[in-house]
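These notes concern the structure reproduced below.
We just call them A, B, C and D in the order they show up, numbering each chain from 1.
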Amino acid sequence: MSRTELLRDFLRVRQLSEKMCEPLTIEDYVPQPIEDVSPPKWNLAHTSWYFETVLLKTHLADYECFHPEYAFLYNSYYESFGERWKRPQRGHLSRPTVKEVYQYRQHVNTHMEHLIETVDDSQWSTCKQLIELGIHHEQQHQELLLTDLKYILGVNPVYPAYLRPVEISETTVPPAEYVPISGGLYEMGHHGDAFAYDNEFPRHPVHVADFKLQNRLVTNGEYLEFVEDGGYRNFEFWLSDGWTALNNEHWEAPLYWVQQDSEWYEFTLRGLQKLNRSAPVCHVSYFEADAFAHWADQRLPTEAEWEVAAQQTQLSPKSGNFYDDGYLHPVPLHTKTPDDSSSLFQMLGDVWEWTNSAYLAYPGYCKEPGPLGEYNGKFMSNQMVLRGGSCATSADHIRLSYRNFFQPEKRWQFMGIRLAERC
Amino acid sequence: MSRTELLRDFLRVRQLSEKMCEPLTIEDYVPQPIEDVSPPKWNLAHTSWYFETVLLKTHLADYECFHPEYAFLYNSYYESFGERWKRPQRGHLSRPTVKEVYQYRQHVNTHMEHLIETVDDSQWSTCKQLIELGIHHEQQHQELLLTDLKYILGVNPVYPAYLRPVEISETTVPPAEYVPISGGLYEMGHHGDAFAYDNEFPRHPVHVADFKLQNRLVTNGEYLEFVEDGGYRNFEFWLSDGWTALNNEHWEAPLYWVQQDSEWYEFTLRGLQKLNRSAPVCHVSYFEADAFAHWADQRLPTEAEWEVAAQQTQLSPKSGNFYDDGYLHPVPLHTKTPDDSSSLFQMLGDVWEWTNSAYLAYPGYCKEPGPLGEYNGKFMSNQMVLRGGSCATSADHIRLSYRNFFQPEKRWQFMGIRLAERC
Amino acid sequence: MSRTELLRDFLRVRQLSEKMCEPLTIEDYVPQPIEDVSPPKWNLAHTSWYFETVLLKTHLADYECFHPEYAFLYNSYYESFGERWKRPQRGHLSRPTVKEVYQYRQHVNTHMEHLIETVDDSQWSTCKQLIELGIHHEQQHQELLLTDLKYILGVNPVYPAYLRPVEISETTVPPAEYVPISGGLYEMGHHGDAFAYDNEFPRHPVHVADFKLQNRLVTNGEYLEFVEDGGYRNFEFWLSDGWTALNNEHWEAPLYWVQQDSEWYEFTLRGLQKLNRSAPVCHVSYFEADAFAHWADQRLPTEAEWEVAAQQTQLSPKSGNFYDDGYLHPVPLHTKTPDDSSSLFQMLGDVWEWTNSAYLAYPGYCKEPGPLGEYNGKFMSNQMVLRGGSCATSADHIRLSYRNFFQPEKRWQFMGIRLAERC
Amino acid sequence: MSRTELLRDFLRVRQLSEKMCEPLTIEDYVPQPIEDVSPPKWNLAHTSWYFETVLLKTHLADYECFHPEYAFLYNSYYESFGERWKRPQRGHLSRPTVKEVYQYRQHVNTHMEHLIETVDDSQWSTCKQLIELGIHHEQQHQELLLTDLKYILGVNPVYPAYLRPVEISETTVPPAEYVPISGGLYEMGHHGDAFAYDNEFPRHPVHVADFKLQNRLVTNGEYLEFVEDGGYRNFEFWLSDGWTALNNEHWEAPLYWVQQDSEWYEFTLRGLQKLNRSAPVCHVSYFEADAFAHWADQRLPTEAEWEVAAQQTQLSPKSGNFYDDGYLHPVPLHTKTPDDSSSLFQMLGDVWEWTNSAYLAYPGYCKEPGPLGEYNGKFMSNQMVLRGGSCATSADHIRLSYRNFFQPEKRWQFMGIRLAERC
């Protein structure tokens, strides 16, 4: 990729973060209702901190930091970059103001433009890699920005909408079918020259047995049956840690489901809406996904199964419901897919799909030395892998080999379910 | 007081709350860094909720609430008024926006004006009492608004200033003298017809022994000697609960003291300033006040001693450093007081003075029935009494019989120290 | 008191601690179900540690400690004596065994006997004071030993009994009467030469208004009316902190009350027994005592009122139900008292009576220097005063001026209620 | 297996639990210093509860429970068997006494003997399976009994020994060599008719790449280099969750390592001993094992690699250091192994070896229905697999396919490290 192309990408992604925030009030930028959820203005500043810290301070001569305290305030979790403001206290800060954060972004953009245009060829290859990573990093934070914002609005009893509702008709989705996939020795992991995170490497052989995978995502209607069948009151379906989480957190349904006068509603980025039973269920934890699978006498696929199956289908990001499509919520199958009965639908977009695989190193994986080793490698414990991207992911951010990962009790991302046949 | 006079008072106090907020950015209205500290916009809305709930809904025919959720959002702790948003989560809410809160205030003001002018004479006496209480309630929240805001700005590593600094010269304050007060049977508690809280009643006899009281407040310079003498590292000076608090909270000096390059600074509403050694020390807990007294081989006065002494001095609120004076910080003695060597100085204003008395009922006190019984009476455990008002108190809010109360570990109010002679 | 007399007292009290433990199994000596409750073997060792630390190590030449770690293990809270085993972890230790603890006691007794007989006259006065304090200290721990043991047995679903039941007939107790006491200037605090704790000094004048005090303790039957009237579900009766405690701890009745098949039982040191409605209620917190008083439209007396009233009655410890009487539980009034209608009954023994006074210094009180200053003085915050001793107190340990103190949420002591007339 | 053989096995294992407890004092049976660690008497009772609940109550006509409360007290985590005493409070109970627990065991044994001899043939197959599971269950609790006891003794500052020390000479262990294993498609999981837990099924194909495995366990000496190189102060080696655990728990070395006068000691079941540098390191968490591997520029093997490697070696439990060998601590390599340079040593016994695999279902695994489904299946989240058994495991309890599992921060089992070559 040329300097010009990379600069264009850089600016495009940087502008998107700001465009996403246009509907926000100033107040929306500030709160942190739970530790996981960062204030939107923190997300905007932190992604700028990345470029300032990793590129401008190191590769741009005479660069002067925008503000001496921002390195402390906007370092997320990089021990390599020293002390930082404690994560649970991000919502304690009224200053810098939103305006100052935008000025910071502009300052970083201007100097990045200068760096991209002028940095010596000898440093270009290094810079190029770091900039690409920074772009993907910002795309990740765009998804977090949307899901964090959804949480901030969703805990609020006045249920403010981020955007106006769009009409999604509730049509019937045909029953899920189980598509058989032949077992054998496959390869998984990233290949090719395009960008990928270090945790997608190395591509390596993996053996899977014959298995069958649902041809579409589990719907709200199917999940509601589980809820109404007492699924949240029967320990038999649940992992021990899941049963503990359910009781401690008083789970009775997916996050954002609200029951009013015996009618189910769902809080969305477009406000509180009647639950659409044909749309994919979302905002369930791994524990809920696994419990639902047990109740249905099925199981979750492993990440190897998911990737093997995905490789066999003619998939392109274009076919999924991504941020670019503008729904900002999973949509029922019929709105986007063809009628081929042997196909796997909704593999990309709509919701991240929980797999039954722990987030661990691929054989031969080596954590990168230095700060970038802190990007992915240090989180390889107590997290489960999710695959496929969501309606809050940018279409050009996803790959078949992309490994997302969260703790099994987390629910605030667009997380959903696709079943595999049990035995 | 006539309807016109009361309306004028009402509007004056209501406007002051808003004037106090003029220097704030929108972002400053939102955070709640600790449970004690409410977001400024919550303070603005809660004081309006009082008038809406206690007066408009009950005494104004056909009144329509501004918003159906506000009764839930802005009830502080009144069990009588039903369920409410949990206190530690006040900072989780971006909406209602600041603008909406100001519209709410305007809505309440307009209808209150209407009520005051039109309510039937038969209800006037009741309404008058409730309005007076509401005005004093709002004045209390004005002080909280300033101290909460100070905390919000003070935890921020960029140390934003609420107002511009004013020049306070650091002059020498003469050594404190101990003014002897004769013991005997006195009366304490409110008398007269002016407004007072129920906890100041009934006026009752109290016996105090001969005692001696410092003629001025303890200064930063004196307190610094305690700090530099290892006062925070020697358990001997401390109550057991205080020593635990010190260790858990890592106290090494009063709240807002900051040491940079072996120089002491103090965060004030006018920004980070060099510690003024002749100004009264503030933002110390009861535990620190008591430990300082032990270190100095003295003690804190009881609230009876304080009130008896105050009665003997010709004091008027005019003589103190209050919110009205505009410093918003305690000031050295010499700036305001005469040279009479037998007088007690700084009894009113500057800082609330910790007494060695628990906040308990006066003999004969009866908690009021209904919601107003929740105003003061239900807090009579585990709190200590403070007297005299502070630089964040309005001058017309204070009385000699005024009983302020906080838990002994609290520090975020303008709390200071006056010693009594020990034995 | 002569050396011989003091030695006799010393040995008598030391032996009583061991006699109290005779009914225990070895297992009973070990657990610590909550932080407040120390394992019985800890109580036995700690009281020995006092004598070893304060007397033997300082005043007995060539004394060798029984074990080098015991100074660390059995220091309770004396910062002056250095580091110590953390309080919440006292129940984590299986060793020293019970047998070793008894050997430690014997070792200390033997050397104390030697010290009492041989210490130089020049040191005798100091030693005498410290030994007297140690004897009273051990008596306090005897009461704790019984109440801690009761908790250990009482949390156990098999409800083991410490001793066999004794028959207490449930007879009717006449309605409580309010005995009027004239107000005026009185004296309170210890006088005379007999032993008293430093916190009972100095005797000082105090003014009380006319008041009326119940002539007997509140009974289980009266308290049950409060419970059955929804007292634990109505916030109006409760202090704010009390309502929080009730909800956090799920209080529905006094500690040790158990409802089985709609019948009320009470766990006692003599096993689970049907609730005796004529016996004094016990194991209630200050919050419950205060709520009961509100429900009954009365109030709790202050400690000054209690002491003034007690002075006016012809009381002797003999008249109360103490440990010496062997019930180990409060007993109904009729079993012990005369028919004089103007008398105050049950002022001593049965249960410690919550007063509406915070545990604070008397005017003129000075904390003793050195370790003994840590005995009483450092606890003067967040605690309420209780008066009169209980059925677990030794008769010769109590005084009219005795100030017991606990945090207002504590319930595991024999704590009960006597009301004063409200207004 | 015949009834007679099974009865013999049953009695042998039941007796071993009691033999293990012979060195205990009564006090040692009671404490629970952390939630993970159960009191020894709980372990003894719980294993009896299994037989009573699963066999006697269901399959022995007219069986009468030993005590009506034991089903409540000694159910560990089986939701299927109803309410139970809360796990963190197991150490709160002094009763049942140790003697009563032994009587309970005898009662269960007698009736189990009767059941085994008399149960109808139609039920025998079911009973046989449940009894076999019960025997293995009790063997697991024997290992827990020893490690729990070690913790109870090890937190005690007097460091009591369970058994007398035995002499283990500290000889030099030759440097570890990396044994190459060829990659390819292998099978893993249990095969054959012998007993195995459900989580070892089904045997299934797995692909592993070429890898190299250390031929022996990591020694204390090697681990000490890591400690002395600042391994516990350098975040670079640690997973993020591990670094958090290290800081929260103040880890500075493996559990039970004690530094006195700059000499390292290790608490063992035979008392505090000088650290033997040639013995395998033990009591390290997964986080420590993983950090050590990073420091050494190597990695931990996966469980598939471990099992594949183990299958290629001629291993028998006889060759390992198990409970039966009587050391109760890992021993240096030279004491037990031959000189074959291509062999893998210490694969069985000494310490459980942390693998880099999460504890998850094998492909095709189905949780058993009913209570037994709660035995293993419900714990498949947030745990890592360990392999090979330890010096506290009975030799006849281990299998190559045996999957042990613990959370990555746990240290109180005999857990150690074997490295694989990194890339």
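Convention: a residue touches a chain if its C-beta (ideal position, glycine included) is under 8 Å from a C-beta of that chain, and two chains touch if they have at least 3 such contacts.
Since the structure is predicted, the reported quantities are computational estimates derived from the model, not experimental observations.
Shared contact partners of subunit A and subunit C are B, D. Note on connectivity: the fewest steps through touching chains from subunit B to subunit D is 2.
When the contact pairs of B-C are matched by residue number across C-D, A-B or A-D, over half of them reappear in A-D. Remark: subunit A and subunit D have CA centroids separated by 38 Å (rounded to whole angstrom).
Between subunit C and subunit D, the centres computed from C-alpha atoms are 47 Å apart. Shown for subunit B are the residues that touch two or more other chains, of which there are none. Applying the touch criterion to all chain pairs gives A-B, A-D, B-C, C-D. Looking at the complex, you find that subunit B touches subunit C at residues 77, 79-80, 185, 204-209, 211, 235-236, 238-243, 286-287, 294, 299, 302, 356-358, 360-361, 363-364, 366-367, 373-374, 378-382, 384, 408, 422-423. Interface residues of subunit A facing subunit B in the complex, by the touch rule stated above, are 25-33, 41, 67, 69, 72-73, 85, 89, 91-98, 152-153, 155-158, 160.
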